[in-house]
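Down below are the structures I want you to see.
Common to both upcoming complexes is subunit A, partnered first by subunit B, then by subunit C.
Then we have the complex of A and B:
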């Protein structure tokens, strides 16, 4: 009879063994190589990197494999690994103006210097299942497709493209962002406290759960804190990361990474003190993660209501404490799933209370 | 596990947590923000407690880990194993032998002694959270000692049910004046916090808060003169050791309504049973 609460240790071991067995699946199928995940499930890897806050495609692929494809579990593996890494320093801010773009579009102008660059996008695909893939076939590209793709890929690495926001900013049509050299806070090293400044809000949003950011951003579009966004520019590409090495006294490029940047252009009617001007929302995420970057930009703009002197209409997306406290999926899933843990001591005390109250009510 | 530091956390992180602990000890019941780290177990599994334990452990420590009062519940097993592997410390199930006890939802029945440390895992450190969801507001309320809202809630319970309908995580006032959440221990355990000779540390990982009670601190459960605090327990005795004073769990024994009560504190129960035999 006491067995029900004994044997935790053995149960855990058996559960882990079973999990490993299930992860492997049918041994008759080939083992999934992490290189395959990296190369063929790249967008999953990008999401894991973005929300795991660690730029490493191979580790993201490993985490996805180990987590049996559960991306939040994979993000958790990456976060738990990341937190053990020593900090050597801080990089110089990346320069996204110097990005070598794979993709660059603007929804506010028909054309911009450098042109619209669609890049590898799902945007205009027809969502029809391709049964060739089911049969593990790959339709080879036709010769002219191959040639033109090679030409396009060669041209993307040519010249940095001017930013649409700079073009608008030159006419003061777009509000300038404050500049400064002060080091931003770091929410992975300091507890997040409110009110949080914009740098901290952006940090939090950049690692926020994609689904949460998406839905909240969507809510602003449907009227809960509407801020009339246009995609001023969305760019995806490779930037250099450089770091000042104190012993050398100058900056050294330590690597490259793919990032997605979204700048929205939002209406601002102006006030008595300020003439009408466009304002911006900003999103920057690791990898090619444009849904997330756009959502981030919309949320960033919604959270700026106070500094822009807008009304708080009580929309969830305007409430920084609400958004930032619930955006992290590792915190959220932990607390949500912890109710699976035994709670019988608490439940027992509730049981006693309800029994007593019912007995009293019956008298 | 030589890839990781003693007790998993790096020394800089431990130092950051120890500073928060010292501040917490200096201002009993005050919730000190700290830069909680991601741990290799999920938030909600005791990451706050694990970080406090990791920062407090020394190689000479003897560690006991309990969940729901029991040493052999899955999460207690998992956390104990974590420290066996990462810190290599000796572990025990016996309260008198342990120098550090990490707990979830219970305080051991065996009285703690001077020199012991007990670490509580805390899900929601803010006793006012369910009355006021905003951290910016609740911090203000604490700094002003503005606990009227809490008393109104307790009063409304009495008006509605004839008694205070909080049975666990029952709020208590510390000698410093702060009202604290004792973690989700049953209110039966609240009196054990009062004037305990042990150091009591509370860690909330996801909420990034640490608070503490130095030894011999007054901790009074909130109540009214005409409705004094009542640490209730199931009416019955343990089917294994016969204890009439310990906190009991109800175990369903069949599908025809059969049930029995056993001590939730497995160490207390086992040592009583041995002593009787």
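Then we have the complex of A and C:
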């Protein structure tokens, strides 16, 4: 049992004042502007938005600044803020087929219709430190060269890029996605209970800690619930968000957002009645967060074992209760870090017990 | 309304400044910031699920001289952005519609189209062709 303590107000105030001072760092260095964080540490902002489960780049940048770059602390700030917002409604499901793709690759078809667009990627970089950045220099942007290159090539057509999964789906080589329009459960409104349906699992995975999702997804690749994933398609880009406005009685676009979508094509299922088909895993995350989206797709697929009639081999990634109950880094860090707080009374009782046991043993 | 919601705060402010109209109005709903739960679909085309929320600011107002009502639901937390969007929505239903269309809406549409085209060009410049290499196992 936790017994509360009181006191220490002055020390706490002093500690917070020092924290503010430390956050600012050496006053001889320029102040970090939230616009700089938003524009230059964008991938940190995306992670904070994805795991904070609130799409607002400026707030993510502010949270990162306030948290001194501690991303889980920043996610905590965003989660706390979102609880203060009234819910205006729910959007229509975003249409990722109509995405303006900044990046779109397929590891299954080299000639995917619309082509493979690498976009702004770290892939194929040499992972060598660029010391010109350390010297605060920037390599000159080869803008003119790139612009002329872009103009010389056929522009991305105004037509949306076809989904790779549709190509396989058309020949029934890929299992069709179950369709429907029933309202999904919302774990921000109702506590997560098990068994959790796929909609709840996807919501939970989309806001899951990237490190946790990555490690568990990796465990499936190493054999703990292996499901042989191929990246059918990975796309990063901008989608419109629309919502039906009650006072107008029709749907309008209320904004747009950058999202990452990953569709995996996995080991097939089949039976005497049903010819063999590939199966799917799905990842969708706020921002350009592709490591997370891929991990989400692998975990989504692993958690579908029952629905797909596979064996539960006892792998951690197949255990929805294990995965979803431990995926949220704010829940996890809340419980983990609370043990730093004073536990003097509980410890005293344990201490008494150990002393008594020792005394009894010594008699 | 969609265009006004997606426009940058500065872009709408500048276009609004160029319009040089300041109609009197009363609030039906003063600007307030809240969240909208954004949904996705499993597999992109399957059943819906809740992806996460986004910040949205909304307001509604009535023009005093002709009673026309304007609404706004705009992404983000900027109240003045929502106010301008609602005013533009109202004015588009009045005799000022043509001038609002010409001075506010058309330039914003152009800017968004240009930004979109630039992104598409940049992405097109990173289009890649992969070749699979012969590995040689079949050769004698």
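In this text, the second predicted complex is superposed on the first by the 338 of 363 C-alpha atoms of A that agree within 3 Å, B and C clash if a C-alpha of one lies under 4 Å from a C-alpha of the other, contacts with A are read in each partner's own complex, and residues count from 1 in each chain.
What we mean here is this: contacts are C-beta pairs under 8 Å (C-beta built on N, C-alpha and C of every residue); 3 or more make two chains touch, one makes a residue touch a chain.
This structure is a prediction, so every number in the text was calculated from the model and none was measured.
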| item | value |
| --- | --- |
| Fit or clash between subunit C and subunit B when superposed on subunit A | fit |
| Partner chain in contact with A:110 - subunit B first, subunit C second, else both or neither | second |
| First (subunit B), second (subunit C), both or neither touched by A:311 | neither |
| Which superposed partner A:253 touches (first subunit B, second subunit C, both, neither) | second |
| First, second, both or neither for A:86, with subunit B first and subunit C second | both |
| Contacts of A:177 with subunit B and subunit C, given as first, second, both or neither | second |
| Vertex subunit A, arms to subunit B and subunit C (CA centres, degrees, nearest 10) | 110 |
| Touched partner set for A:138, first subunit B, second subunit C, both or neither | neither |
| Greater residue coverage of subunit A in the superposed arrangement, subunit B or subunit C | C |
| Gap in Å between nearest CA atoms once subunit C and subunit B share a frame through chain A | 11 |
| Contact residues of subunit A, present in both the subunit B and the subunit C interface | 82, 86, 188 |
| Partner subunit A, residues of subunit C touching it in the complex | 1-3, 5-6, 32-56, 58, 60, 71, 73-77, 116-117, 119-132 |
| Of subunit B, residues touching subunit A in the complex | 4, 8, 10, 33-40, 42-45, 47, 67-70, 72-78, 81, 104-106, 123, 134-136, 161-163, 165, 167-169, 184-188, 206, 208-209, 232-234, 240, 247-251, 253, 260, 262, 264, 266 |
| Residue ranges of subunit A touching subunit C (in the complex, touch as defined) | 49-50, 53-56, 58-59, 82, 85-94, 96-97, 100-104, 110, 115-121, 146-147, 149-151, 153-156, 158, 163, 165, 177-188, 198-200, 202-203, 206-207, 238, 240-243, 245, 247-248, 252-257, 259, 261, 263, 280, 282, 284, 286 |
| Residues of subunit A that touch subunit B when the two form their complex | 1-2, 4-9, 11-12, 76, 79-80, 82-84, 86, 188-195, 321, 325, 330-331, 333-339, 341-346, 348-353, 356-357, 360 |
